[in-house]
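Alright, structures below, take your time with them.
Look at the two complexes coming up: chain A is in both, with chain B in one and chain C in the other.
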Partner chain A sequence: MKRTFSILIAAYSIFCGVANAARTDIVVGMQLEPPNLDPTAAAAAAIDEVVYANVFEGLTRFASDGSVIPALAKSWEISEDGLAYTFTLQSGVMFHDGSVFDANDVKFSLDRARADDSTNAQKQLFAGITDVVVVDPATVTLTLEKPNGALLFNLAWGDAIVLSPDSFDKAKTAPVGTGPFIFSKWVQGDRIELSRNTAYWGEPAKLDKATFKFISEPTAAFAALMAGDVDAFPVFPAPENLAQFDADPRFTVVVGSTEGETILSTNNKQPPFDNKLVRQALAHAIDRKAIVDGAMFGFGTPIGTHFAPHHPAYVDLTANSSYDPEKSRALLKEAGFTEGFSTTLKLPPPSYARRGGEIIAAQLRAVGIDAEISNLEWAQWLEQVFRGKDFGLTIVSHTEPMDIGIYAKPDYYFQYDNTGFQALITDLEAEADPARRTEMMQQAQQMISDDYVNGYLFQLAKTGVANADIVGLWENSPTQANDLTAVHWK
Partner chain B sequence: MLRYILKRLVSLAMTLLVASIIVFLVIEVLPGDPASYMLGLNAQPETVMALREELGLNASKPVRYFTWISGLVTGDFGISYTYRTPVAEMIADRAVISLPLAVYALVLSTLIAFPAGIIAATRRGSAADVSIMGFSQLGVAIPNFWFAMILVTVFAINLRWFSAGGFPGWETGFFNGLKALTLPAIALALPQASILARVMRSSLLDTLGEDFVRSARAKGLSVRQTLWRHALRNALIPVLTIIGLQFSFLLAGAIIIENVFFLPGLGRLIFQGISQRDLIVVESVVMLLVFAVVVVTFLVDVAYAVADPRLRSR
Partner chain C sequence: MLRHRNLVIGAVLALAFLLAAVVSLFWTPFDVAEIDIANKLKKPGDSIYLFGTDHFGRDILSMIMVGARTSIAVALVAVGIGMLFGVPLGLAAASRHGGVLDELIMRTNDLVFAFPALLIAVMITAVFGPSAINAIIAIGIFNIPVFARLTRGAALSVWQRDFILAARVAGKTATRISLEHILPNLLNLLIVQGTIQFSLGILAEAGLSYVGLGAQPPTPSWGRMLAESQTMISFAPHLALFPGFAIVLTVLGLNLFGDGLRDYFDPRIRRGSR
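Moving on to the complex of A and B:
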């Protein structure tokens, strides 16, 4: 009996040892479940977090450092006048259902995205495209209305992925793409399972199986990691627990950058914020360090304009809105508000907004501005603030990459209307020379910083937790994605 | 009796009709548009209009109400706005977790409460009674989500006997499913058991003081025989009422526990539906729960009438 038992134990430990060494699956935790799996049909970041670069690919894609690299397009040529882009496609690419990928699929996908009845959430990405021409099965040409320096960047978004005309209508529930992983199962409310695409045209994935598990409650996310139910949580929802994970040798804490500029959005058309002095007073009343420490547990980089600090063209303009309550009070006085004033501060659900809002309200109170907080759900926020423009102040993180162009839309919810800035962005879009583009982006940053359009707070950090034996997860978040191609176990 | 049942049925139908109108109106007045929620911050107005058209949101309210209600009557719950899958399928997927969880919790709470309540009542004032009442006081006072987190810390994180949550699916085996529901069921059962034990105790004490119990004893039955044959049966009526109420609560009211254990049940479906303004899902699930409660009430009414003939004439 005793012997049988010890043999069993030995067998068990061998089994476990083998199992540990050979783990080829991963369970990735996410806070929100995607509403569907078609990145061309909704804005939810959770869709890209599952399918981008895993299941679906476009002509170009983002690399982990944010640069744009070839994907389904092997190479491209740009005509002299910048009005025609000719893409040479990868050969031997197949969709997961076995059909062959060619230029017709590219044409179909781009035409669908820019059609009149398109429900693409980022339709503006395709705005300048006048025609998509199939030259031969491996070559496709895009013609543009005017030069567009951002075209290759735009085509790298999840909203620009290539679908097949035979299977596009299934993309919402059973996506068929060309990527290194094949969609296998979706248990709604619980998890999505992907498996390795053995017929992948490029470098194949190292994992056999990947599961995305949806855990909305921060305490449950903590427990799931601790109990080993989840191997990695790339965007961990409870920053207060990060120190504990950091101290635990079983886990690694990964702190990276995101494209999320978190701003105190200001209604530029609503008095008294139509007065630049008042907006400048707001900027000087805010202590960014205190907000990052208090609301984000120290994770986040203070910003002085609407631009990502890790971008090569970033200019540090935080000094322009330095924390100076004295100056703030003086500016308010100059603007005619000796007694201060009251306004509304409408907060959407994320913790950066709810916790940050309390701190900002206290800081504003110190200079005499009484900001009345109301907490809104996302749907309410979209209705009241975003569409209805019925707000004084709000806090929101703009997570789209390179989105300074929103300041050139006078009817965008914060209603900044500066024709000089709009002209600059139009020129920037048409400019293809990298050096000139950098210069213009810097000029744009300076302009909105000097105009104190919004209170620029901080760049959202990406704080993730993973099992210490996992290698290859994205540290940064150039787009909201979890590219698992290179992920493997030590 | 037949007339009584018919009358009850008519009132059941009326209740459902009125409830459906209220549910529809209340949910429709929620501010927020599902199409703009789905398309996010960069969407262009014409894209939102195109999606609203696709989802059928541009039709007038009465038209949409009648489409919805006529669908419900024929068993067609419509298509979810966000997931684009039939609502009936989604409900079925979630019910295979919520329903067993509610039953499991109810069984556990009954198994704890009955002996506890009986012991406390029959040994009134004893140490057992005092400690049972003390524990039940604690059980009512402890919030169940907090108790759930303690269970997770002890049994999932430290001992690793259970998963911290999630549901592997019944297809992986009955015991795997049952195991996944065990911690949530305990967390749900504890406060229910505490309430039930207190009701059981006081109801049994009341019955034990009744004349018929004294007659039974005088007739020569032992204490035990009196308890099992006469007192307990009569004491059960209020207890069963409470169990009925608890079941409908457990079916819909496990939202928080479902979140703590990330179980994909009905509660989380409603929760997600509300935040995404997936109105058709919320309306249909709420209506289904209303239906369940109304039917349970109807059955209880009928059962009362069977038990007590005086009720039939009313």
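Moving on to the complex of A and C:
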């Protein structure tokens, strides 16, 4: 009897021991599946959301607060004239296939990204680099055409990660990086699995295994979280459900900021939007509060220009395009559209666009503009709107960090062509003095706000839902990433 | 009256929605296009909104009324297309029974019939973009073989009757016989089938709108109302209940009506119940 009892106790303690041990795996939900896994070959945010800081690393990287910190470069020195950056690399770094990382890999990756035939989606990040010189295996020097205050920032992007010349061509389907997680499996249409890199050069990851699961339907995402099939959804697609998660002690809801400026993109070359008065009328017809409340259930910060409100150089210009339907009607009259006009409003799938679009169409109707809604899938949107420039209005969130520079590209899809602004951005890129840079960034914000290039709606919120026992997920989204390095269970 | 219970219940339900659709042409309690965020997600009966409001603060009763119009218009025109093309094709096939024309028409019919309707709809919208018109065309195409097959089958048996032989002896052409003698004998059948197809058309329109291929916003549609309510069903069930009930009751009503009509027209059942 006594023996049976002690066996029971032993069994009980083993059982409890197992139950009490913290889990070492995580399932992270994402709405969109990446088209491939090579961040140097495509612009899709979903790629970086899987591989950035997990599988791939660059010379520098973004920390969770948006600051730029060392990654594969241990330290760097900048020459007096600001034209040469000498990086000292981390030692003992190995790629996941066992090959050793050195300065040649850095040179290979940067030369590949800035080459004429490069397919890098953010080629402008490397524009000013004239040469990449390998000094010794642990040292590499970048020389620039002119000083560039944003170089370290640019190198932190997912598009600037370091690949090995031996395995770069496999990055799309079987990425080989230097990060704390090793790619292990991709079940197309369902999930991607990563496992811990035991030979990692830095602080190793706390999790043994990480799975990214792709669930496009908001209802399915809700059910998966409730059932515990998914442990965290860093960007939950249905803001209307957040209150329910918040009320449930099993979950924590963290609403942070993203780099996503959500705008009513306006085709600046298509009449009547080539007329500034019409664009101004558009801006005054929009009630941002109704859009944030109606489309995002209150999550999101109104913006008046294309800049993130949490950035130190942000200027609040919402008053410049305040909600004033009377003024809007007057401006339309002045522009010669007494009877109003009709145009197209092409909407991609996210709910901010679909719902925001219906609200904006109603607001525009109130001032006499008839915006005909057509709902498009992403592929159609990219083809018709982004590449084909066949649209009057559209709604989209620009999620890249510090991307006001897109306004200096006259052939970008909203086709804003202002030589003054282009000169300002060229100067900004060459400026290294932080105070001067801030001043110029503010000038740029003012300029596009005064030109009413687009309708500026709100900054997308990062609506994260996670199991209450998970620690270490990013609160904000300074870049498109789900950095799992520090994530663990309580 | 009690003998035709189905017919009466079906007619009442169907007429109620028809009435709602007709009234919505002139009057709705609120403007369905007007968005009023301050009054969003009001529960039914909470305020002046009888059925409550949706996530944009629009009155659900008004949306159901206008949605009935969308559904009925799409289904009606689609059934019209099906009859307009299907019936002549069926008559032609029957008049050339066993001939090349018959084979050609009926095999093409089989081909269209075998093709999933939703796939046709997706293809049409991929080429021309989603809209109510394209939903009508897709549902309409799907209706053609239904009527063609029904017409041919029924016409063939009429062709065997003695009075057709008399007409042929009198020297009437096949086309004249089809129109003057065959078609009138098929009317009952076509009306019954039309009612059934009409209810299927309403279901199809709701299905297409649900996946975003039907009427585009701001035109209210029952299917899209259901789709949009999905994520909110746990805290605002009225968003899904009203359009859901609208679809169920209309389709049920039309089906009962169709069944009742068939019983009414069928001489055997009429005699049996006496």
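Please note the rule applied: the second predicted complex is superposed on the first by the 471 of 490 C-alpha atoms of A that agree within 3 Å, B and C clash if a C-alpha of one lies under 4 Å from a C-alpha of the other, contacts with A are read in each partner's own complex, and residues count from 1 in each chain.
In this text, a residue touches a chain if its C-beta (ideal position, glycine included) is under 8 Å from a C-beta of that chain, and two chains touch if they have at least 3 such contacts.
Source: prediction; values computed, not measured.
Using the contact criterion defined above for the overlaid structures, shared-chain residue A:382 touches chain B, although it does not reach chain C. Within the superposed three-chain model, A:67 lies out of touch with both chain B and chain C [touch as defined at top].
Using the contact criterion defined above for the overlaid structures, shared-chain residue A:373 touches chain C, although it does not reach chain B. Look at A:293: by the touch rule set out above, it reaches chain C but stays clear of chain B. Taking chain A as the reference chain, the count of touched residues is higher for B when chain B and chain C are set side by side. Once the two complexes are laid over each other on the shared chain, residue contacts for A:238 go to chain C alone; chain B is not touched. In the superposition on chain A, A:228 contacts chain B only, with no contact to chain C.
When the two structures are aligned on the shared chain, A:219 is found in touch with chain B and with chain C.
Shared interface residues of chain A, touching chain B in one complex and chain C in the other, are 219. The residues of chain A lying in touch with chain C in their complex are 218-219, 222, 238, 240-241, 243-244, 289-290, 293-294, 355, 357-359, 361-363, 365, 373-375.
The part of chain A that touches chain B in the complex is made up of residues 33, 35-36, 42-44, 116-124, 172-173, 187-191, 213-217, 219-220, 223-224, 226-229, 377-380, 382-384, 386-387, 398, 400, 403, 406.
Interface residues of chain B, counted against chain A in their complex, comprise 30-34, 36-44, 46-47, 50-51, 54, 82-85, 90, 93-94, 149, 152-153, 156-157, 160, 163-167, 169, 259-265, 268-269, 272, 275-277. The touching residues of chain C, counted against chain A in their complex, run 33-35, 37, 40, 55-57, 129-130, 212, 216-218, 230-232, 234-235.
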